[in-house]
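Chains: A, B, C and D, in written order; residue numbering restarts at 1 for each.
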Amino acid sequence: MDFTTQNCTDLFAALAARMAAERDALCALDGLIGDADHGIAMAQGMSAAALAVENLATLQDQFNAAAKAFLNAVGASSGPLYATALMRAAKAAGPRAAMPRAETPSLITAMAEGIAHRGKAAPGQKTMIDAWHPASEAAKSGASWPEILQAAQTGADATAQMQASLGRAATLGARSLGHKDPGAVSASMIIAEFARALG
Amino acid sequence: MAPTQKLINDGNHTVDEMLAGVLAAHPNHLALAAPRAVIAKSGPRPGKVALIIGGGSGHEPTFLGFVGKGLADGCAVGNVFASPPPQPVVDAALATHGGAGVLLMYGNYAGDVMNFDMAAELLQMDNVEARTVLTTDDIASSPNPAKRRGVAGNVFIFKAAGAAADLMLPLDEVERIARHANARTYTMGVALSACSLPQTRRLNFDLPAGEMEIGMGIHGEPGIRRGPLKPADAVVDEMMDAILAEMAAPAGASVAVLVNSLGSTPLMELYILYARVAERLKLAGLGIHSSLVGPYCTSMEMAGASITVMHLDDELAKMLDHPCDCAMFRVG
Amino acid sequence: MAPTQKLINDGNHTVDEMLAGVLAAHPNHLALAAPRAVIAKSGPRPGKVALIIGGGSGHEPTFLGFVGKGLADGCAVGNVFASPPPQPVVDAALATHGGAGVLLMYGNYAGDVMNFDMAAELLQMDNVEARTVLTTDDIASSPNPAKRRGVAGNVFIFKAAGAAADLMLPLDEVERIARHANARTYTMGVALSACSLPQTRRLNFDLPAGEMEIGMGIHGEPGIRRGPLKPADAVVDEMMDAILAEMAAPAGASVAVLVNSLGSTPLMELYILYARVAERLKLAGLGIHSSLVGPYCTSMEMAGASITVMHLDDELAKMLDHPCDCAMFRVG
Amino acid sequence: MDFTTQNCTDLFAALAARMAAERDALCALDGLIGDADHGIAMAQGMSAAALAVENLATLQDQFNAAAKAFLNAVGASSGPLYATALMRAAKAAGPRAAMPRAETPSLITAMAEGIAHRGKAAPGQKTMIDAWHPASEAAKSGASWPEILQAAQTGADATAQMQASLGRAATLGARSLGHKDPGAVSASMIIAEFARALG
């Protein structure tokens, strides 16, 4: 069973619902080491993306539309990062109305590369890359969706032990220790929705 | 925890509703070029470098209050505490540029850097020359000047760049003066309370009574450390020690001063701080060229204050004194 | 209850320390004629009626921020929320009067009335003609206009009187215009939090989350009633209903508007309120001649806002547009 | 034993100490129906008065100096009211270094008249007059100091049942019911110090 444009629409609806549900928790996480708005950005971005992907002919168009809608609704750090991620996913999905499920882990790899390209963060700096990068590595190595998700979650959890060297939390120095990076946490939630939809 | 008390309608629409109010209140100063792209009614003109500023909302009068003749030509308005996306930056620039290039200025935050860089790329694709100067005046935010955040010092730095552009200087010169102004501007802040986002109406951090955050930014990010709330003079002394050490200005030099409220700290307290700032500058043998005291760069309802000192030379003094007429700020 | 968080040194000295800061920050605008008697550096001159304003501290920029050419010649500075005693009123008047008489203006509070009346008697004993105009713009404070308090509308009312004096009109005329301005100025406010005096650092009343005080004054006195905190538009509508009914201006009339922060309510919220105020005025067929949005008359760190509408005629519009250059307020 | 200038100095020291001790309680009372500063005004005023009365030759000079010092330190409502009260007390005491104790209740009558003259309040309007007036009536009728004090306290207590029609609390209408007037409460404390010193 392929991953179709309808499945893609459903995926973004699920992402929007998940981010709306997690909004306040993500804001609270961001409040500990950042500016307390990450949940708002993710909820707004995914809600705009979910609207944008409806009734488009190809997966590529859908991911591109999602990228643009997310960016314009959000700005912030998450906007350019997820817009770039989604544009890379669009390229990976290509101009087709469906893609084989077995290929879908490549979307994670593409997204991770987009985020790394845009944000220039390396693993270990306490950013969403710390969830996206291990997930991408797992995807590249042919891991299953549950394994990809596991990699993302382990990566997100590990950010609690990292001292931030990028983004708002960098100023905090050692005070950022003990708190998970909100962007890494939301990344693992997003990857969880991908896993549920595509796995 | 009960939601914080705000006079708003819907937390998701505060920025657009604010913008509607700003445009209604300042019809002689401001217009909308495109959604979230505010431009000056007078100021932009052929041959003039366009200065476009922007950043997240919640810092009013920063940024959109500084749009007007003699200062910024346009402003991109982001969500609360969130960089604007590239589009309104591009829209404001295209609506105001006079063929002499565009200078984009904003505070140094990861999100703003990514969004404004994308905007600059889009402008280049439209054959509009776009340069970028980041403000990095918050000395508490990093030992490395290039990694520092831009905070209340924006007022002076944007003002200098805006004056240079208004004097019809070429893009190279406007950029040079903007960088020079940024390099000579030093800010440090403390917070006495948290603030809350309109969508969540939850305090963004816990600050026990009797404590303060030292080295506070303007987004409710925690500061560099937490300490007991001290008397105003001691708080000023700690900030001024750091600023004076960074600035390393020789006795006899001249400075501009901004004592800024982060939101709910009233003028009474700001002037108490100012009195000590003036004493410290006098002790250091520095002359005060001009001063601003008030809420210039805020974090919504956060309590706290920042001190900015700009180390002037004749050029910067001239730029600060140059007239400007903005919706929420006037000089001359 | 933990003491409220303030950037002060000693609660007993906040007013004098603030004053030191104000004088240091505004050396071109302000001077001290005597303790607690602030006067304008330019403005007072022979043949001009002297306008002396004053009241308690804690409302900054009201009152001392409105001293300057084109507005008040002097200001008597009281303790926090306390009328000044007669002496600084007398001192400010004697230091600035130009032989054409003195107009004393202040908000209608029992304490101010007694102290300013004593000051007027002392001035008469010095053969200086002194008249008094009380501001009574707070429509929530009494059904009887003469018994109302003076609140944020002071800005417009003082401005009109100051312009009249600056135009060298005789005392009779300045007094007439001041009374006329007061009679046409209508304010109502709501509070979303209490404030606290620097000496006690205790919130002056309890306001449960989710509630607001309606008809709030500017001293933390309770309002006329307490109600649930409503959306901004509903709050504006309640205030505008009352103001428009009192004002009873015919369609086509022109007004000046002030949306004022009581302290910690930030510009974002004020502009959201302003957007609705402008809609309501448009619906009523009234034209907006000019607007002010910001903290003009505060209660230290109190959260809340007030709306003031002044029903203009040609004379009042001219007085509001007349230039003034004060320490904390400028027009023209 | 006469009431001497030394006794008068001690009386003002006691008044200053009492007002300092009651400052926050009076502010809290004022916060319920006013602007929460009454305790500050009374403490500042009496402390300035206590300094001013030292080393003066006559009771009249002392009360006059106290009046002026109180007024200049305070302003507010309390300033003119107590300044006028104290000036009337000065007149009643006269230019002498001591006065017979039996005459001292006339000070209360004089002060009450001064307050009524300055404030133009009538009894029943929920002001300090509601303590001063009954105390003055008692003094006039030859009552003892304990009786004068009792009258003041009963009057102050009764303000809880009054609806304010003057001063800051007037705006409150019925909401002022149930709370004592802070100025009446501080008045009964002042009269208590007079009673202790003079009785």
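Simple rule for what comes next: a contact is a pair of C-beta atoms (placed from the backbone, for glycine too) under 8 Å apart; a residue touches a chain by one contact, two chains touch by 3 or more.
By chain, UniProt protein names: A, D = Dihydroxyacetone kinase subunit L; B, C = Dihydroxyacetone kinase subunit DhaK.
If you're wondering where the values come from, they're calculated on a predicted model, not measured in any experiment.
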- Item | Set of chains whose contacts include both subunit C and subunit B | none
- Message: Can you work out the whole-Å distance between the CA centroids of subunit C and subunit D?
- Response: 31
- Message: Just the number, please: Cα centre separation of subunit B and subunit D in whole Å.
- Response: 52
- Message: I need the residues of subunit B touching at least two other chains; which ones are they?
- Response: 80
- Which residues of subunit D are in contact with two or more other chains? none
- Every chain pair meeting the contact rule: A-B, B-C, C-D
- Task: Using the touch rule from the top, collect the residues of subunit B that touch subunit C in their complex.
- Result: 2-10, 14-15, 17-22, 24-26, 57-58, 60-61, 65, 80, 190, 192-193, 198, 209-210, 212, 229, 231-233, 235, 259, 263-275, 278, 291, 293-295, 298, 300-301, 303-305, 328, 330
- Using the touch definition up top, name the residues of subunit A that touch subunit B in the complex. 23-24, 27-28, 31-37, 39-41, 44, 71-81, 118-119, 166-173, 175
- Query: Which positions of subunit B touch subunit A when the two form their complex?
  - Reply: 12, 56, 78-87, 109-111, 114-115, 118, 140-142, 147, 149, 196-197, 199-200, 202-205, 215, 217, 219-225
